[in-house]
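Two complexes follow with chain A in common, the first pairing it with chain B and the second with chain C.
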Partner chain A sequence: MLLRYPVLYLYFLRFAFSRAMEFRFDFFFRIVMDIVYYVVTFAFFGVLYLHTSLLGGWTLDQTFVFTAGFIFCDAIYMTVFSTGIWHFPFRINKGDLDYYLVRPVSSIFVLTLREFAANSFLNLLIAAGVLVWAIARYPDPLGFLPVAVFVVMVFLGCITFSLISVCFLIPTFWTTGHEGLRKLLYLVSDFSERPHTIYPAWIQRIVLTILPCALISSYPTWILFEGITPARIGHVLLVFTGTVAFTLWFWSRGLKAYSSASS
Partner chain B sequence: MTPRLFLTVLSMEMRLAFSYRFDFWVSTILGFVLPVALSLFIWQAIFSESGSEVIAGYTYSGMIVYYILVWLVGQFVQGGEDLTDISDEIYDGSLTKYILYPMSYFLFKYASHLSHIAISFVQVLVFGTLAHLFFGILNDISFTPAALLAGVMALMMANFLHFVLAWPLEAVAFWQDNVWSLHAMTRFLSYFLGGVFVPLAVFPEGMREVLRWLPFEYLYSFPVRVITGETTSVETLRGFIVCAVWIVIVGIITRIVWARGDRQYTGVGI
Partner chain C sequence: MITVSRLSKTFHLHRKEPGLWGSMKSLVARRTIEKRAVNEVSFSVGEGEIVGLLGANGAGKTTVVKMLAGIIHPSSGEASVLGYKPWERDNRLRRQIALIMGQKAQLWWDLPAADCFLLLREIYRIDRKRYEENLERLSAVLGVRDLLTTQVRRLSLGERMKMELIAALLHDPRVVYLDEPTIGLDISAQRSIREFVQSYQREHRPAVILTSHYMADIEHLCRRIIILREGGIVFDGQLKDVVDRFASTKIVAVRLQEGATTAPDTGGLDKLGEVIACSREEVRLHVPRAEVAAASAHLMSTLPVIDLSIEEEDVGTIIENIMTKPGGES
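Let's turn to the complex of A and B:
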């Protein structure tokens, strides 16, 4: 029963790569765009550290690990989830969701994972390389286990962020427009691009629980340098499970409001 | 294009933008509060951890004023829209109808772009007033008629430069099926090198010298510095000249690319 999901996903990958090969310039542009984005993100922190030795309690080397973790997560999101999530409100508005609802598999699985962005895949490899570089250049030894836990948490953070993105767009079932929701998502997600330790305590509580943007890379980085404890790991797992449960519940509520074409 | 037609397009586009009220208010209120707050959290941490009172010529309250002004200037420059509808019109073939209209497509799009600026004017008025009431952003600015005139001119040139810069990227749509990545790339660069992410004064001096000859500074940082009276008359004049030269260069590139693309265009979309 569960085996059909990996098999189905392999078919998605095959289609995605053959489609990407048809548009080679887009393939090239995306690589250049992401490299520019990576350079700008690192340069941004590089410039800030010209004027301070610590930012939110982190040194430049620690911030580079955080930034590399964020970039890696972003590359996973762009490659695996973003295209499906981008099209998702349009499918609701046009009634294209019918096509997914009649399938004998989870509709949210197909909607979010069907459109693998093969043209971003190379960026994912580059981002993985950047992450390895940032960890390798860190002056003190970090240890295999903490790094492994960090990478797993970044993966979980990426899935959490993808689910948040879906949650932000689910209200499209009730509203006609979705641009405002999308803009709101982008604005909120900007909070994941900075160390959560720079925010006031009440914002830290929000980005670690209700809108867990900090779980993408900031909190995993914080755990990497502050130490792994059961409570910290438990917090990540609890928030992750809560986000999954909330998304599935919200999705089912949205589906009840769905009235097929042009809803 | 007659002034009357220009105004009709302008009013049409404004009505369209206001028809999606939720989108408008979300982008207005949160689009102002969140980015400015995010930048200020960073600088609050830097001022506190470095123990400095002044960084690159800015106090913390000076930073607040800078980020608010750069946001307000950004609204005038970008007008809240990304101009990607030009490539969409090339893709779906709807560019054809504009070619047949007895008016310039370029001017039509500029009228549409200006209509967004008119909406931004409302945003700037509301948030500029609020920002002054809370942070006194106008307290340190001495408005002489000459500085005001220079500020308005810097804003107009920045707006036109932003508009013109988008055209060669959009024209790539004549050959390729996707141009958003080019726009995203330009946006990252212009925000970083134009002084939106951080004031350009925090960059090393050598890099600032290079940035003075690139177009990005003239989109955001330069108008803010002119408005706040931070530039001398020589710097202001040099800024206008560099900005004008970039407008001409990009304009020539656009003309060449557009003419070649036009020959390629079949009118049936991609």
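Let's turn to the complex of A and C:
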């Protein structure tokens, strides 16, 4: 039964690549654009470390691992989830969910994943390369298991953030307008771009639980350097599971309020 | 197969006065009105039956279809499709229904239809043999076999609708909702879609609910119709009974002998019924059904008649009257 979804996803990938090849300019422009973004992000922390040796308790090398993890997650988000999530409110308002709701398949799965951004795929490979580079250049050996756990947690963090993005847009079912919600999402997502350790304790608690932006890269990096414990892994899994459950519940509430659009 | 009991749907709509001032006022104090789109409708549809759902714009046809397809939740009432509540969206039901909306596309714009069908095969878990047989048969009957590998956006509207039909029917649905499937199509494409639906329905006997603004669709495909007005059912019965029940008049037409220099006096004809046409060649009147014989006799005796015909009112006109006028008689 669950095997259906990977098979469906392979179809989405196939369709996405077929379409992306038709738009060559966009295909290459996105690569250039994202590389510039990666350089600026690293340069930002490089400049900060010209004035300090530690930031939130992290050295420049540790921050580079965090930044590489964030960039990797961002590339996954941009490639796998962002296009579907971007169109989400428009589909709700224009009544375009209709056909998704009559199909015997999870509507939230199709809506968030059907638009694989094939033109970002090379960026995903580049981001993975950057992550390997940041880990390899770290002065001390990190060990295979901690790195593997780190990568898995970054991946879970990315899914968690994507679900949060969906949750921010689900109120469109009731509010119709979505620009404010989208801006709020961008504002909240800013917390994922900095190490959570730089914030006061109460903000850390929020970004690690209710709005778990720190789970994207900051918390996995922190665990990588502070040590893996069952409690820390348990925290990530608990927040991830809670976010999945909440999103599905919220989505079903939204669908109850869905009014489609006049024909 | 489909049972609907006192199904209602109310939408909450914001009312805003026009202009910038109206926008500012609505920002502070918003007026919400309730619009009852569907009002306690009850009906049932059996296997192999095609029911035409008719109504003016905003009468609630599409809302009924969307509730029965499980797209929107009702405000009250019950419905059962193949034993399931449609808005609970049980996959066992969704595998047995199909929806085609003439105004919305389900196929991926940039891909050939054949690719979209492969995805649907996976979604509906159709085994390869049945899929290939169905695709071959449907594309042959609809005459689009050569277009399966053409990108959907390069197809004409008629060809696209045929692909939409294939997409909807690949999994052999037992219940089919057709929401204005011929809208915007030229006459020949409309006819071709109608003929296909008719032959498909004869062969597979699904329960079909059809909404359409084109009377030709309804007359061609539906024996039974349900007419909605302002969300409520005003008629549910056989199409042939509409005339008997709602047409209060018949059309009496006479052709006159050549040579007359002036048209007959309409003042005298007015007493027989409503004059539709009056010329040197022809007179046409709407005459109350009970007075047809007397009116015909009067015309025969007072005018130089060479031919007389008594016609039923056009069923489309009668239905249009039912849809728009309280009482509905024409």
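Note that the second predicted complex is superposed on the first by the 261 of 263 C-alpha atoms of A that agree within 3 Å, B and C clash if a C-alpha of one lies under 4 Å from a C-alpha of the other, contacts with A are read in each partner's own complex, and residues count from 1 in each chain.
We adopt the following convention: a residue touches a chain if its C-beta (ideal position, glycine included) is under 8 Å from a C-beta of that chain, and two chains touch if they have at least 3 such contacts.
This one's a predicted model, so the numbers in the text were calculated from it and none came from an experiment.
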Touching partner for A:Ser260 - first (chain B), second (chain C), both, neither: second
Chain B versus chain C as contact partner of A:Phe191, first or second or both or neither: first
Which of chain B and chain C A:Ser18 touches, first, second, both or neither: second
Contacts of A:His87 with chain B and chain C, given as first, second, both or neither: neither
Of chain B and chain C, the chain that contacts the larger number of chain A residues: B
First, second, both or neither for A:Tyr99, with chain B first and chain C second: second
Which superposed partner A:His235 touches (first chain B, second chain C, both, neither): neither
Which of chain B and chain C A:Val47 touches, first, second, both or neither: first
Complex interface listing, chain C residues touching chain A: 11, 58, 62, 66, 69-73, 89, 91-92, 94-95, 97-99, 101, 103-104, 106, 108, 110-111, 115, 118-119, 122-125, 179-180
Touching residues on chain B, where the partner in the complex is chain A: 20, 22-27, 30-31, 34-35, 38, 41-42, 44-46, 49-50, 52, 55-56, 175-179, 181-182, 184-185, 188-189, 191-192, 197-198, 202-204
Sites on chain A touched by chain B in the complex: 23, 25-26, 29-30, 32-33, 36-37, 40, 43-44, 47-48, 50-57, 175, 177, 179-181, 183-184, 187-188, 190-191, 194, 197-200, 203
Chain C contact footprint on chain A (complex, rising order): 4, 7-8, 11, 14-15, 18-19, 22, 95-99, 101-105, 256, 258-260, 262-263
